[in-house]
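What follows are several structures.
After this come two complexes, each holding subunit A, first together with subunit B and then together with subunit C.
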Partner chain A sequence: MNAQALESDRPAKVAASEPDQGPFDAWLPATAPNAEPAWLALARAAATERVHSQGAPTGKSEGWRYTGLRALLEQGFTPVDAQPAALLPEDVDHLLVPGLDSHRIVIVNGRFAPQLSSLAGLPKGLRIGSLRIALAEDPDALTDDLTRVAGDGAHVLAASNTAGMDDGMVLLAAPGALVEKPVELLHISVGMDEPRVAQPRHLVKLGDGAQVTLIERWASLGDALYCNNAVLEIGLGRDAVLAHRRVQLESPSAFHISGVYLGQGAGSRYNGINIGLGGRWSRTDLVMRFAGEHAECDLGGLYLAGDGQLVDYHLDVRHGLPHCTSRESFKGIIHGRGKAVFDGLVYVAKDAQQTDAAMSNRNLLLSQSAEVDTKPQLEIYADDVKCSHGTTVGQIEPEMLFYLRSRGIREGLARRMLCLGFAGEIIDALGNDALAAHVTEVVGARLEAAPL
Partner chain B sequence: MLSVQGLRANVGDKEILKGLDLEVGAGEVHAIMGPNGSGKSTLAHVLAGREDYEVTGGSVTFEGRDLLDLDPEERACLGLFLAFQYPVELPGVNNTYFMKAALNAKRKYHGQGELDAVSFLRLMKGKLKVLHLDDSLLKRPVNVGFSGGEKKRNEIFQMALLEPRLAILDETDSGLDIDALRVVADGVNALRSPERSMLVVTHYQRLLDYIEPDYVHVLAKGRIARSGGKELALELEEKGYGWIVDEAAA
Partner chain C sequence: MPEQRSGISRKSAEAEAEYGNLVRSEYEHGFVTNIASDTLPPGLDESVIETISQRKDEPLWMLDWRLAAYRKWLKMSTPQWAAVHYPPIDYQAISYFSAPKKTELKSLDEVDPVLLETYEKLGIPIEEQKALAGVAVDAVFDSVSVATTFREKLAEAGVIFCAISEAVQQYPELVRRYLGSVVPPTDNFYAGLNSAVFTDGTFVYVPKNTRCPMELSTYFRINEAKTGQFERTLIIAEEGSYVSYLEGCTAPQRDENQLHAAVVELIAMDNAEIKYSTVQNWYPGDEEGRGGIYNFVTKRGDCRGAGSKISWTQVETGSAITWKYPSCILRGDNSVGEFYSVAVTKGRQQADTGTKMIHLGKNTSSTIVSKGISAQHGIQSYRGLVRIAGKAQGARNHTQCDSLLIGDRCAANTFPYIEVKNPTAKMEHEATTSKISDDQLFYCRSRGLSEEDAVSMIVNGFCKEVFNELPMEFAVEAQKLLSISLEGAVG
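What follows is the complex of A and B.
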């Protein structure tokens, strides 16, 4: 984006006598919720202040160098203020993953949709429900968790989420709870009369030794223009295990901002796989912190960006304690005039001895006009660590293509086979056959339709 | 079956094939021998349709079609098969899926339906046995982590499955120990038939002890310098290539 243009846009607004108007003020709710616990009202007020006072990040701020906000600001998003007519299960049948058996909670335009969710028969020790309802029922139950992991968040849009938080999912697993069936958090967005932003806020808390699989999905009805600005806070107790799958497949007009904020207790294991397939403009921040030793954080990702698409993943993994392990492995396929951004930071503090971290980002560019800006960074202040990073940007190897063609396979299919082979490592790691088949099918279809 | 006339081809600015003539009839096995750099592998790749080689002259007819006019995939569907000297690793592409895609591409080209999963697996297992290949190879990505011998056997396995009209074996013996060589040769010999022709490209005579050719050609400086029966291979073994190369230069 053009930072200069954005800067020059603003004085005009200021001149129209709106002093100190931040560019995302329009995203703030018109009225504050009444009857809110003091701690939450306080957090909301502080976040509101940050939205006011922090301007939009510009091209000069490091985290936004390659990701322009202009397109996002131009849409004139305002908060979702009314809900669409209640969807019926048959309206969203086609958005479900065939063969995926899950405890499902559905969020429509940022709001819990009980009629689409299937939360009956949850196993002992697992609670899943609406944030709004949880706060109404027991206003102080979440005092120690909500907003605590994310803090101020990665940028002004996280503050906007806190200021505007209205509903979302709360998932609480009791210590020792072993949940076999995956929990599915399905976001469905429906177009409204004008461009709206939904700001769902989710909280996941696993007690000591609890084990859960969370499949987070993002889907749309039709090709609606809308924005999601989500924050998910995850707290893992000692030795807790969370497998987190995120599959974003949204409308070609969709804007998507999400932040995953993770706090890991000692000995806990987080295994997250991010599949970014769609949307017009997507920005994801994965912010990981270790709160105890011997914890493991494994982050995988696969993104596909085609014509008119921007996909941006920012990783911020901070090793502040000794003996923790992190893996960051992201792969991207960019075709047409698509653009991808990968910015991965692994920070190892002075005291974080025996840290083991390895980051890789590999990209396949399928066209001349495809673009990727990749920036893996290691910042290491400890002296007894094992850290590595690597990045590649390449094209399909002509030798591989010729080998397939020499066996009678036509060029288009040969290219798809090689791309799927490249993506396969991440897709296989999803560890769920139904989800993997779904992703493979979508990736295959996208590549088939892609002007290479 | 295959008729090559006055074939000229460049790699970059360098002319490698300089007017090569070759006639291969149905069911015949021809050996192409020659010193390094004589153009053996170039010939194999030009016939298979590799785009890095530029054909600058001559003609190639295969099964009555102008071969040089066809994409590599169409040549393969018509029944041409190249067993690579260096089989390519395809990370993430499952061997079974690969073979199935290849076989079905060919069937589709000839107006046949796709093979169902059961018939396909049955077919694969039958061919595996002949080549002493392990089942587990089918589940692995194509050639990834295969030993040199496994890669070559995988090539012959593909050939067995695709049943080509003309098989070109490009230095299939290179890098193989004697046991692996025997297995590969047995696999090739099992595929000999009156309808199938073979072009065996090799530097060494020893492969021809196992795969007995009907004709032997010596390639030197981009042309066939000498042709003869299988006894020519023995003569080369004894005297080396020098005398033929010298004759060609003269």
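What follows is the complex of A and C.
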């Protein structure tokens, strides 16, 4: 059904009547970057064509059934053309996670900000830098990697990223490189005079046996209206291990679209935790592909949708080869007039015997007008497999609240305790004390203050 | 019309010659009954609908209703979202009316002996029905009901159980009030087509505070080559009543795809309960997937009253393609919806089936248990929707869908849609997919069971939760059917 789903992502009627303007055309820069290697120009042209002809998915497209694009289209985003006045390290101090020791690369409005990054003393075998610089220095070094993983399977917004990519991070770990300190990829968005869209493009490539922890964070200065449309391509070599932590804390008025496209080599392990807290409207696609046997993919997630917020996670895990394992475990807390969408697909192809996949999605609804739409799907074409999925939707047991209140704990705090108990499993899996404390604090504060 | 009739019987004879020797032992009920029938030429336009309506002596309002449905249907398109694949259907190549020639019967003795023989082959000897187990059978042979038994006994209880064409004549006010009120003609493409051209089906009305004295049952039979069957079933259970309805189907083997687009509407008032059970084993096509029935059915129950209950149980082993989602609209407070399903796909069968539970009233609850078995090249999808509306305080749903895969060329998919807008709702969904474990097989074999018996036993155990919901006679038939279906699929 995957092929069909992608097919159906295309609107029923191609906007042939008005060939001059597609809804996302305005997201692309008016002029193509000059002096670009031919392979990239080609990929860009193909993606531009797709953005142009495909148009916006509608509510009838399966992948967008519960996620309306109207709000996004109404904003009239245009690409970031000029950079804001250069930020100084002290401007963004408060955005750092206290106690988190990391190799840090900072992206401001989609562009690498060297003055905020701390990339000195990288261990041997690890290279981190700006995509723009990497392309300028050696135009053909990334031919085999960039735009390879996020291919045809990606939706129109990922194509828009390919067409409009300007800068981002390139992380290359040599075979066998063991990086102890986490790498932190921090996105900072600053409001501009009008609504702007940034389309950062990242590439992570781990050689055979390399081990890296990547902490990807999204933050903003103030509560500006902007849009991030990011694509992260990850290629893992044989037996490589990547721990990937994603904390999305965009401004309350922001739009956030991100796609993680993962290709896993034999025996590799990917462990990703997604924390979705911010933004007015956010959509995350996690697209996993196995390129070798005995690989493991572990996806965890915690999302909070509060008043007026829409949080959407789409998982697409394709087992095309035998002996691979995947775990998907997402939890959501929805309050106020928040809305959460979870759509997870585990696809097991014909010869992918001995596949082991388990997906779960649990949701807590805290208020009368909260809404959750969840769609965990299994598509299985092999018989010797172990696959399952489970979903629950419920509320905090009134008895539990009563118990805590009868011990003199006020309601907000009681709610915070119970919800953190529910979410604790995911937060603990972050595996980094400083980051876990930061997330606990943000989640707890949100829940305590949550209007019901 | 002597000319047409002879033409038809010639065609039947040809069909007999052509297909008779194709009949395989795998399909027990595969035979074509050679009786003359009165069939409209293929094609569909307003005049065909007028003719159908005329032949059935329908009142004008019924014709108007059909024509309105037809005009809307023309603007509709076939649903594409199901995970099934088949060549496009030419709706002009189908004949929309076919009736056995003798239709006025005073007693069973007048039934065409060939017909009676057919039923005997199917295992429902009508003569024995009267004495047997209190099951009244409204046997539908192609499109017209030819025999209805136990009418008197039902009439005593005040239960109306008759062909829907008869109900249109005799109880027009009831039919008019309820027909299309659960599945409107605009609901979907196949429901629209059915509304325009339905020729027969069953009508059941159970009055207030009445427990229907027996299980009602209809055997549907598709017989004449190139006739789609468009049954329409309408069951109304008034306040405090109870009815259990059984639907079983078989069809002769032939090499022509046949379209079957039925609509079933159930209406349960306050504290009423309707139990609807189906065993479907229509011709699934041969090993290469040729022939077989296209089963595109719209079934929906409306729990209109408080405390009402609608329960669907289905055992689906036949048909080349099944597209079927028996649903419940839980409108009344405290109403209950249930869906129990066993579906088997083997050979080249494709099934996209599931249910919808729409929770609107307070404290409504629903249970979904779906067991899918896929073997050989079978493709099976569970597609279900659980929607809990904002006002459905205290709604409760439990869903369980399990798939069993036999062989490495089959497929099992699960597409649940869960939409919750109320925080007091409790909703659980779980799904598993696995094969018969080697340990289980080894255990059975070590106790002296043959592999086939062992598989049959394990599969029957897998489906037990659903079979338990079936009425006794049906449960036995279903188990037998399941074993027969899986013969040759294992190993």
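Throughout what follows, the second predicted complex is superposed on the first by the 431 of 452 C-alpha atoms of A that agree within 3 Å, B and C clash if a C-alpha of one lies under 4 Å from a C-alpha of the other, contacts with A are read in each partner's own complex, and residues count from 1 in each chain.
By definition in this document, a contact is a pair of C-beta atoms (placed from the backbone, for glycine too) under 8 Å apart; a residue touches a chain by one contact, two chains touch by 3 or more.
Note that the structure is a prediction, hence the values are computed from the model and not measured.
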For this session: Record, for the superposition on subunit A, whether partners subunit B and subunit C clash or fit.
Result: fit
For this session: Scan A:366 for contacts with subunit B and subunit C and give back first, second, both or neither.
Result: second
Exercise. If you stack the two complexes on chain A, which partner ends up touching A:421: first (subunit B), second (subunit C), both, or neither?
Worked result: first
Problem set entry | Partner chain(s) touched by A:53 [first = subunit B, second = subunit C, both, neither] | neither
For this session: Quick one: classify A:384 as touching subunit B (first), subunit C (second), both or neither.
Result: second
Exercise. Counting only touches as set out at the top, which of subunit B and subunit C does A:62 meet: first, second, both, neither?
Worked result: second
For this session: Name the contact category of A:410: first (subunit B only), second (subunit C only), both, or neither.
Result: first
Exercise. Touching A:115, do we find subunit B (first), subunit C (second), both, or neither?
Worked result: neither
For this session: Please indicate which partner A:350 is in contact with in the superposed arrangement: first for subunit B, second for subunit C, both, or neither.
Result: second
Exercise. Looking at subunit A, does subunit B or subunit C touch a larger number of its residues?
Worked result: C
Exercise. What is the contact status of A:399 with respect to subunit B (first) and subunit C (second): first, second, both, or neither?
Worked result: first
Exercise. Subunit B and subunit C, closest CA-CA distance after overlay, in Å?
Worked result: 15
For this session: Quick one: which bits of subunit A touch subunit B in the complex? Just the residue numbers, please.
Result: 397-400, 402-411, 413-414, 417-418, 420-425
Exercise. Which residues, counting only subunit B, touch subunit A once they are in their complex?
Worked result: 48-52, 71-73, 75-77, 81-82, 84, 87-88, 90-93, 97-98, 101-102, 105-106, 109, 141, 158, 162
Exercise. Along subunit A, where are the residues that touch subunit C in the complex?
Worked result: 1, 4, 8, 62, 66, 350-351, 353, 363, 365-395
For this session: Could you please specify the touching residues of subunit C with respect to subunit A in the complex?
Result: 81, 83, 388, 390, 403, 405-435
